[in-house]
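Here the structure comes first, spelled out in structure tokens, and everything after it is commentary.
Chain IDs A, B, C, D and E follow the sequence of writing; residue 1 opens each chain.
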Amino acid sequence: MALLSTHDLTAHYGDFQALFGVDIDLNDGETIAIIGANGAGKTTLMRSIAGVLINGRDTVSFNGDAIGNATADAIMAMGVAMVPEGRRLFPSLSVEENLLIGTYGRKNGGHWNLDTVYDLFPILKERRNNPGTALSGGQQQMVAIGRALMSNPRVLLCDEISLGLAPVVIRDIYKAVPKIKEAGASLIVVEQDIGQAMQVADRVYCMMEGRVTLSGTPATLSRDAIHDAYFGAAA
Amino acid sequence: QGARIKLGYVSPQSGPLAAFAEADNFILSNFASSAVAENFEVIVKDSQSNPNRAADVAQELIIDDEVDMLLVASTPETTNPVATTAESEGVPVISTVAPWQPWFIGQQGNPGNPDSWEPFDYAYHFFWGLEDVISVFTAMWAQLDTNKSVGGLFPNDGDGNAWGDPNVGFPPVLDAQGYTLTDPGRYQNLTDDFSAQINAFKQGDVEIVTGVPIPPDFTTFWNQAKQQGFTPKAASIGKAILFPQAVEALGDSGHNLSSEVWWSPSHPFSSSINGLTAGQVADAYTSETGKQWTQPIGFVHALFELAVDVMGRVDDSSDGDAVAEAIAASNLNTVVGPIAFDGAGLPPFAAPNICKTPLVGGQWRLNEGGGYDLVIVDNSDQPSIPTGGTMEAIS
Amino acid sequence: MSDHTTPYAVHTGTKASKIAGVLALILIVVLVALPAFASRSLIQDMFFILTMLVLAQFWNLLAGYGGLVSIGQQAFVGIGAYAMFGVVILAGLDPIPAILLGGVVAVLLAIPTAFFAFRLQGAYFAIGTWVIAEVVRLMTSQWQAVGGGTGTSLPRSATRELMFAEAIESLFGVRSAAARDILSYWLAVILAVATIGGIYWLLRTKRGLALAAVRDNIEAAKSVGVDAGRMKWVVFLVAAFGTGIAGALIYLQKARISPDAAFSVTDWTAYVIFIVVIGGIGTIEGPIVGVLVFFILQSLLADYGTWYLMLLGIIGIIIMLFAPKGLWGLISARTGIELFPVRRRLTGGALDIQKSKTKQSEEAPNG
Amino acid sequence: MVTPASMLALQNVSKSFGALKVTDDVTFDVPEGQALGIIGPNGAGKSTLFNLITGNLPADTGSIHFEGRDVTKVPAMQRCISGVGRSFQIPQPFTHLTVYENLVVAATFGRQSTESDVMRQCAVILERTELIGKANQTSGSLSLLDRKRLELARAMATHPKLLLLDEIAGGLTEGECHALVETIKAIHAEGVTIVWIEHVLHALTSVVERLLVLDFGRVIGIGDPDAIMESKEVKEIYLGIDV
Amino acid sequence: MIWIDTIIQGVLLGGLYALFAAGLSLVFGIMRLVNLAHGDLIVMGAYLILLLVTMTGLSPFVAAAIAIPFMFALGYGLQKYMLNRVLGEDILPPLLVTFGLSVVLQNALLEGFSADSQRLPTGTLSTASVEVAGINLGVLPLLTFGSAILVIVALNWLFYRTELGRAFRATSDDATTASLMGIKPANIFAKATGIAMIIVTIAALYLGMRSNFDPNIGPARLIYAFEAVIIGGLGSLWGTLLGGIIIGVAQTVGAAINPEWQILAGHIAFLVVLLIRPRGLFPRAVD
């Protein structure tokens, strides 16, 4: 049985419907990637899973429990952590405080703590007393990831963690993925950069206009199929 | 005899001035159980201590309830809007518990220009005036050995502006009697700091403090004065220390504060309705409510005495002009003394509408077992009212 | 773009609004004629309702349409009233023209106020306006010529010889006090009709659209050429003018003024906010519903003093918690009624073709 | 140098948010009547550049000329009135207004005319952007696709001389995309200068005559679209394709 | 000498205003909540202390300590069940709800305790003074000022040195992202209001010992508290203290020129500061 899955998930912003019956599965130990154009609903999907958007009870299940109607803090306490789109560091907190706040709702003494996170991203140790927002984009992204790791999650949701980063920085960040998996987390990675997504993911879902239009393993998906699913048609 | 005579009564039963109306229920129920009451219907309205609301309820009483006469009590904030409304509606009104200057001058369009002042056709008022309180205060001070240097604490409100007025208030009289007055200026009510006044008083070598602050301001002032080492020999204060609770709020430092006394159980007057003496009225209040007597009791009582008397002298109570004439012709001995609108002791412009009642001076004395008593210490203007002691300096 | 369709046209009215329009005209006639058959107390109640309605409409214009949550509108009520008293007492002007002057002085006060307050945002703006109103109140209480902190009354000579009052006295055969009430009432009717009419007109012009656009999204509004800053100024000054006039009128009827009363944040801003919010903010109907509810509560309960005020507070809290769009919001959500529609509906042209298409497809199964 | 014929010219424009420099010494110009495409990775500063051109954000340094006039300090609404129209990447409709009313605001204020004058033009723009059927819906209820159409329509309603389009083709089907391209071509053919940010490259390249690549707020290439697309940097940095 | 005295008295007065303002600052800083009932809550706290004092005969200080848990619980409940429901972008709903609360509180107190003015018994404390370099300083004002500083120091410690403080700041920055960290914003806000009510109780203690109070005096002090918070800068606690001092000194200096100017001077100082720095003296980097 899947560790985490969604069933017929829908989402609305006011009058506007952003998701139309999305089904995805994440198996234990697996990394899946969600790709799709701007506004396809990837972030909305992440927010629905994380409990920022509340849905029907049975739309999301985690570890056998129906958690669709649980609030974000409860879901986080169960072990689903999110690296939100756009980093979203707390400007009033220093780098170290930003990391520490990650343990607020879940303290379980797993692999990840301040030391191991600093080992993963050594630059953060140097900048630990800076305000989080004084870092470069890539460093900020490292803090956001470290913050989510501090709770030693079972599932880590990463929303466009390479957004706005230089390729070399992206490479650094993605280098951390194997270590994260090693420590026992399964990952859902949202990416616009298809190449990047294909590299890390065991399976890929492609979304368009609030629906999953394609899914499969990277090896079985042709560039053309992705392109179709991505933009609606071939160029 | 047909319909009952309708009286409208407005007072501040809630809000910051509510202490003034505390005895209202006692007096109204006494009145209702008296023999004359069956001719009257009294409609009571609460001004909520808000001048806007006071004017509104006066309008309601006149227009909706069609009262024959309005009665109103307690501070210019209540009496003035009601009297102004009644006057412009042509309904007679009797008012009390506000010194006559703020009542009369405060209702004039331009208080600064005496030539523009006009008398009223329907509004009548009985109480004492600033000249009386000045006379009482100076007489009390004269009992002490002081340097005749006075500090004034006058807020920027109806009472404060009248007391501090350079023409009709304290300054000219004090000047004439050889006192020097240090008046730092009008302050706003609910001020949190009186260092400026205290410093000015210290500089002026002030030994006597007077004024009409509201209770919280006086507490603030008095504590700060003590903290900052300013200790006058006498403090004669209007309004703030009128009520025993206000003095009790000062803890022990209220001892020997002095104030004007408009009515007390020892006033040698009695009610024209039931013949009870001032002392008996006060006792009845204490036994009925368990509370210490307060000064407005007598005046609210007298308000109804006068209403009964006036209505007894008119044929048609709904004829406003006739009622007004009857008020003007009053000559009645009430529980606060004789009331007649004969202009005694008043300047000509105020003579038609105002009657003055007697005023003496008193001092709050700390009891052995806690609580304070108001002791009359000066009766030089009203020898008929007995004193209970002599003026003592604040230690 | 086909030529066998009607040309494009824009409609704003709805069926309900047309009926409402006719009813409103009848209502205005009834209001004007009211003094001929109503009691004085009804006239006074109506005066209260109408003037509070005017204040509420202007506050609603500010906060509901302009996004300017001011808790300092009492400054304009007070300054309008004091300006009127000032010129009547000191310059001997007749109170009726002095009312207009109250509005003008309020605008003069609004200019520096806006200059300052527009630098502030949100809660800062709200508190800033409150402090400015306090400053104006304190300054006014230093103005000894009109009684300082004590306050003053309109000279009886001025109220007695009020413009038009004599004509009304003989017309209705009433006493002068009643004639004055009728006169103030008529002025209140004129002011209320002009206010509602004027605001409705404003909302139906392109400026009304621009206001709504600024409220929805200020950056996008700027990007399509809307001068958001100027809209704020216009709304603020118009509201100050109307509020100042209402203040002068209210105190003409009261004939007595004091700084604490005229600049009362509770009476002239807090209750007004209650009215707007209870009725429904951001609609013209809301303040009308709100003022009626407020009046009914007040006349039923005001004699219960503290309990009345407590109840008023509780009602305000409950409405805010459970019906944030107010009573009118509830009504119009249920019924879809809009008495003052501002929505433009485009008809004709390609829309006609579409309509006939959908009609056909709707009819087809039946046929 | 500012050539007289240039519609838009930026000179050494920079903008930072705190420590983050998102526009770094950008200089380029767009001749009148040209269509320029802008590409670059997410967060490269493309939308920020638009905000600087329209005046929604003030530039820290540098100058911006529109039709030869220095507009660096001119407020956004004034720039719109003088002919700069824009769409927003994240659609920003006036949600409480109807689609038609959205256009009326833009048309009456953007070109300073009266409502009756613009009614027909607004209707025509709605027809061209396939929104006419939804003219009387509130724009808050529109789907993303229609919101993007509304962005274009509203920008057109201001009657711009310079039209700035920010990712309006994302998520369109082939047919829709084709229709959009035709519309933009038609606008372009009417002589409107266009600057278009787009990730859907085939759509972009079928319209624009010149392409600008932005990375880390810096212009790393500008010129003929085919040449730019073939360059190694663009393939690596932007497309994420290993060459 | 008089000028030095005037300024020192103003500083001490500023301590009182800062104490009134500290709770407001906390709540305003964390959730942008404009609490119009703050003044009335202080008055309510004073009545609670008075009630305890008259019932048990304890000293006001002990009574205040007993009142603190009650006030915390009240604040917690108030926020959790009422105010949380109206928090959001729009400042109007909380403005109205707290205004409604203010009206209800004032009148409930009036009904329960009458309009009589009351005072907490202080014995000789209220008039005691110490002389420092020729200037008489009241012991009570010194205590008030000292307590204000203690409160600010304690709040700063809570804010910057504890996990709860981190959660406060994080939630204040971005409640949605905070919930992704396992923080329940609703409970955090309730705790913040609870803590604010502890400070309210301390303010009530000094208000009640300094002068008379009655159910209606809340709003008059509220405006000074707001001024102190705003000119200090949103969320800056030391700024609030400085803001209180600025208002206090402006008032005493204004009064020394002419008592007519006392309160006006405080307001004008507020306006001048905002004219120069529209976001206050120590604004936060982000709002």
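Here is the rule we use: a contact is a pair of C-beta atoms (placed from the backbone, for glycine too) under 8 Å apart; a residue touches a chain by one contact, two chains touch by 3 or more.
Everything quoted here is computed from the prediction, not taken from an experiment.
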{"item": "Neighbouring chains shared between subunit B and subunit C, ordered by label", "value": "E"}
{"item": "If a chain touches subunit A and subunit C alike, it appears here", "value": "D, E"}
{"item": "Per Cα centroids, the chain farthest from subunit A", "value": "B"}
{"item": "Which of C-E and A-E has more C-beta pairs touching across its chains", "value": "C-E"}
{"item": "Chain centre separation (subunit A, subunit E; CA means) in Å", "value": "43"}
{"item": "Centre-of-Cα separation between subunit B and subunit A, whole angstrom", "value": "76"}
{"item": "Geometric centre distance via CA averages, subunit E-subunit B, whole Å", "value": "36"}
{"item": "Centre-to-centre distance between subunit D and subunit A (centres being mean Cα positions), rounded to whole Å", "value": "31"}
{"item": "Multi-chain contact sites of subunit B, meaning residues that touch two or more partners", "value": "14, 156, 186, 188"}
{"item": "Shared interface positions of subunit A, touching two or more other chains", "value": "133"}
{"item": "Residues within subunit D bordering two or more other chains", "value": "18, 95"}
{"item": "Chains touching one another, given as label pairs in label order", "value": "A-D, A-E, B-C, B-E, C-D, C-E"}
{"item": "Subunit C-facing residues of subunit E, complex", "value": "28, 32, 34, 82, 85-86, 91-93, 95-97, 99-104, 106-108, 110-111, 219, 223, 226-227, 230, 260, 263-264, 267-268, 270-271, 274-275, 278-279"}
{"item": "Contacting residues of subunit A [partner subunit D, same complex]", "value": "14-18, 37-40, 133-134, 136-137, 160, 163-167, 192-196, 208-209, 231-235"}
{"item": "Residues of subunit E that touch subunit B when the two form their complex", "value": "2, 5-6, 9-10, 13, 16-17, 110, 114-119, 121-124, 126-129, 131, 136-141, 210-214, 216-217, 220-221, 224, 248, 251-252, 255-256, 258-260, 262-263"}
{"item": "In the complex with subunit A, residue positions of subunit E that touch it", "value": "163, 166-167, 169-170, 172-174, 176-184, 235, 284-286"}
{"item": "Of all residues in subunit A, those that touch subunit E in their complex", "value": "50-52, 71-73, 76-77, 81-82, 84, 88, 90-93, 97, 100-102, 104-106, 131, 133, 147, 151"}
